[in-house]
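For reference, chains read A, B, C and D in written order, and residue numbers begin at 1 within each chain.
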Amino acid sequence: MMTSNEYVSDYTLMELMAATMAREFRDTETAFVGIGPPLIAAMVAKFTHGPNMTIAVEGGAIGSAPRRLLTCIADSTIDEKAYSCLPMWRLFGDQQRGFFNVGLIGAAQIDKFGNLNTTAIGGYPRAKVRVAGSGGGNDIGSSVGRLLVMMRQERRRFIERVDYLTTPGFLSGGDSRQKAGLLGGGPAAVITDMGVFRFEPDSKEMYLASCHPGLEPEQVKANVSWDLKIHPDCTVTERPTREQVEIMRILDPYGLYLGNGRAQMADPEKGFDFYMKVLENSYDMMEQLYKQKS
Amino acid sequence: MQKKHHTAPVNKVMSLKQAVAQFVQDGAYLSFGGIGDRTPTAAIHEVARQGKKNLSLVSDTSVSFVHDSILIGLGLVDKFEIAYNWGGIWGSDAVYRRALEQEIPQRIEIEEYSNLSTGMRFLAASMGLSFMPVKSLLGSDIPLHNTRIKIIDDPYTGEPVALVPAAYPDVAFIHVQRCDPIGNAQILGHIGDDDSLARAAEYVVITTEEIVPTDEIRRHPNLTCIPYYCVDAVVHVPFGSHGRGCSYCYAMDVPYGNQVNKAWATQESFKRWAEEWIYGVDDWEGYCQKIGWDRLIRLARAEQRYQKYGEVR
Amino acid sequence: MQKKHHTAPVNKVMSLKQAVAQFVQDGAYLSFGGIGDRTPTAAIHEVARQGKKNLSLVSDTSVSFVHDSILIGLGLVDKFEIAYNWGGIWGSDAVYRRALEQEIPQRIEIEEYSNLSTGMRFLAASMGLSFMPVKSLLGSDIPLHNTRIKIIDDPYTGEPVALVPAAYPDVAFIHVQRCDPIGNAQILGHIGDDDSLARAAEYVVITTEEIVPTDEIRRHPNLTCIPYYCVDAVVHVPFGSHGRGCSYCYAMDVPYGNQVNKAWATQESFKRWAEEWIYGVDDWEGYCQKIGWDRLIRLARAEQRYQKYGEVR
Amino acid sequence: MMTSNEYVSDYTLMELMAATMAREFRDTETAFVGIGPPLIAAMVAKFTHGPNMTIAVEGGAIGSAPRRLLTCIADSTIDEKAYSCLPMWRLFGDQQRGFFNVGLIGAAQIDKFGNLNTTAIGGYPRAKVRVAGSGGGNDIGSSVGRLLVMMRQERRRFIERVDYLTTPGFLSGGDSRQKAGLLGGGPAAVITDMGVFRFEPDSKEMYLASCHPGLEPEQVKANVSWDLKIHPDCTVTERPTREQVEIMRILDPYGLYLGNGRAQMADPEKGFDFYMKVLENSYDMMEQLYKQKS
């Protein structure tokens, strides 16, 4: 059952996004990923086409093999069976040195050269909407080999120029990124709930590379606030395989990341018992997954 | 810049109440360590309980509901130097948003960096330097709004490089798994920037899950990333990171965070939350009592089932 | 500067002969790690045995009789970047003196630093930077003779500060107590600058007392100061630091050093020593045979009587 | 027997130097010391008036309790029972930050402002006599609280201006050290086989503070090549106590540091057996010393 490569149609949009993102990772690479859907995507890659892929997480752990659900980048279980736990500055220094092939982050806004905003919408420092700030985003965008971005497609999020440029994409396009002194390769792909975007080799402008099943390019374009280019070979996004979906459901059986599981946990009466059950059950399920896949 | 005071290898065990009273002045420049894991939440509550005010804070990654936002929401903070402050899995941080969007309860000055550049700030200070170069920040808007970041032509390559200023907190609070009475502290798992932070701060308060004999420390000298000479106070605070986890000791309490998140939705309900959970207890022991020891023990079991230091389970 | 090649988590076990042949070119910029303890002597002998020439070397503290001076005396070195090169307890290093005082066997260019500034050179390179500031070197003659050191006015304080250039060796050899087949290396005791060096070099060859399964590495993730992604070759070389010690494995062989010291007194006797001990054997196993396994085992016992990692004896 | 503070007269000159140096260390201080006689001096201090003193050694170990003779700064036994083993750059960085109160090093030459040469005598880079180079010397001299120097008294070693200034003392005196941007306090004492030297508070020029028993100031002055100032209160150096000498003889029973023990070890036939005996015997003797003194 777990080896099936056939496509399925009973997937959620979040599962499609994670499966699509999983395909961006390559075997033997070292990947720097954030928690939640990005980690799910990276783990799906590791359990399918990337058995020799290593996942490093901002908190400092490299190559861990957690058998308990991760709830953040520094959840203690991300230490579990790690190859190494480094100071955070050392891990990010390693990234600056170029040890990490690929990094995956999210954003509140993106612009046509792949620059990201995770700081403030509508003014700074007094913002209309304040968000978390750079965290490792700016560092990953600055230095990682290929930057992958996963975010929600909305017209107000896909804008000509981000309100605040937290994480460099290709800045103003062309060779502006290189001229700024940045070391990494810049954005390689943006995956949303509507499609996959990539960047023109010279101008560095974002274009639509594929639409998710059931959508037309013009529908995607309507959710982008600049005059989005559509690649002449724009295709339909590959659907998830049975294997991908099954792995995701083992990794996140209660839909904490890819569904609505967090609501259950917030229940003041039964939330804690539910949480304990989630943690305890994940052990056996994930142990099984490691065994099947190694 | 060199240390102004000298820390000797003598017994430094004291209560958290005493440590905060002795080392934190109004107007102090504070840093709370950890990286999600090992958040020194007990220390943050005690600083709040003693009403220390006009604080400046510097953090790398602050997971709001157990960290800096508590002090921000209470109006105790004037300035905040930060790479990331948010709720993580717990989501949006209403206290932080109110402070930055509406200046409630008061305006705070904000100075932003990234994770690596914050790490470089502590690393610089840990070695007595005033700055460190970094290849982040270039081309972004971060240096446009933070004039303490300087973009220069690298004197060796001619390429642009950013310089960030060293961060020398007056007091750092760091929660660890084990520490001896003279302050040799060992961290298991996630280290964050605490190896540098312990050296950067003028005074360092270690809160620890366990106080161990020095001979236990000597068994694994390579784990002592914070030697006694960095440390001014050693405080025994089991479950001192509750809410967040402490690797090899106990798991995160995610449902707790969800409750806090809900409580912080308005400034009024945030204040009620603080009245109940911070001011309504005498100390961290009182807080643990209120959370329930049974609950804490279940979190410890959930962690230790998977992870035991020195074993592959 | 970023890495030009990518190192994957795959089996990297090979012989020392193969590793030197594959990674070291004539004219290479090499660094041999350790800090007295864990000197990669076996690797140095193999580089000599393969006659790699026109080398540049960069070291922090090199204890001559088992380290860089071997290659200098054999005329294989054109340039030497160094903080300290001497015999330690074994005293004056005649090979080094002949090279610098009399240009025997040939002139070498020398570029001097201090320990901390050398550490900063590797630290800078480990993070892809081109320089690092340091408050050493100021006022001394070191920067007068080394124009790669720049003394500038600190852009934050206005005070003088020295900048030192990053050191990016082509190949680094590091001897460790244990490493898994994919290159996760753990160092016990003295670390030297090897945590930085492993990241600074383009290619890294780990020689190890023991190759352990990855699950053994996973038991103590905080000890893995060199992750697999730094490493290109893993070579099993028990007693690979003989002469010097290897913490928790075997003690220094002081009488051996005394013999070597004596043998190095003239260039002729130095050459005879090299003919016998380096060129006269096929590999490090041959060298150990010649030293005598019984002697090596006695050195191991002498160390392990006092020190066993994870125990206080 | 071990508690006697009476002075003895059956000491060697090296023992006098080490005992005198031991008095420069204070209790509760963190001391950064090199191997050989400096380490012996620091350990004598720790076992007498400085039980809460901590010794850190360049190799990276802090607060170790070795029960085997140390043969260099990175002899494996200096790890033994250490509080911490740090990377070397981190240890030296800690010194730059000001954690180390006092540091002790040797030198080939010294000048009247306490500047040291451990690099080259008679020309550079092609020297008449080449020595080891800075090692940690320059760093310790630059940043440590008080610098202590231990060296042999010879006219050609005590010179107006060192041939090569490896380690900064007070540079050209006055406030020149501070103007150069150096953080540490500079030299506090120089101890030789003839006397103890200190530095004038303003001019920073070296003066003779005490002569070793049996010597007159003029005899010392004859071994200094500039016009050495003699303090009006120049005294006679305190002799070693019985306790100090006894500790030294336990620490170095074969005279490896303070005598001629190294020659025996060099014997090609019997040297190795002798060395093994030295290592093995030191265990019990030093264990006893720790027990008596703690």
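In this text, a contact is a pair of C-beta atoms (placed from the backbone, for glycine too) under 8 Å apart; a residue touches a chain by one contact, two chains touch by 3 or more.
Please read all numbers here as calculations on a predicted model, not as lab measurements.
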Number of hops, chain A to chain D, where each hop joins two touching chains: 2
Shared interface partners, meaning chains that touch chain A and chain C: B
Which of B-D and C-D has more C-beta contact pairs: C-D
Distance between the centres, which are taken as Cα means, of chain C and chain B, whole angstrom: 37
Whole-Å separation of chain centres (CA-atom averages), chain A against chain B: 27
Centroid distance [mean C-alpha coordinates] between chain D and chain B, Å: 40
Chain A: positions in contact with at least two other chains: 61, 79, 81, 85-86, 93, 96, 143, 183
Multi-chain contact sites of chain C, meaning residues that touch two or more partners: 128-129, 134-135, 154, 159, 161, 188-189, 191, 195, 215, 218, 221-222, 225, 312
Touch-based graph of the chains, sorted into line, ring, star, complete or other: other
Touching pairs among all chains present in the structure: A-B, A-C, B-C, B-D, C-D
Residues of chain C touching chain B in the complex: 124, 128-135, 150, 152, 154-157, 159, 161, 163, 165-166, 187-189, 191, 215, 218-223, 309-312
Complex interface listing, chain B residues touching chain D: 1-3, 6-10, 125-129, 184, 195, 199, 214-215, 217-218, 221-222, 224-225, 227-230
Residues on chain D engaged by chain B in the complex (per definition of touch): 28-30, 52, 54, 61-65, 79, 81-86, 90, 93-94, 96-99, 101, 143, 183-184
Chain D - residues contacting chain C, complex: 35-36, 58-61, 66-68, 71-81, 85-89, 92-93, 95-96, 119-120, 124-139, 142-143, 164-168, 171, 176-177, 180-183, 256, 262, 265-268, 271-272, 274-276, 279-280, 283
Interfacial residue positions of chain C with respect to chain D in the complex: 35-37, 60-61, 63, 82-86, 88-89, 96-97, 100-101, 103, 110, 112-117, 119-120, 122-123, 134-142, 145, 154, 159-161, 188-196, 225, 245-256, 258-259, 261-262, 295, 298, 302-303, 305-307, 312
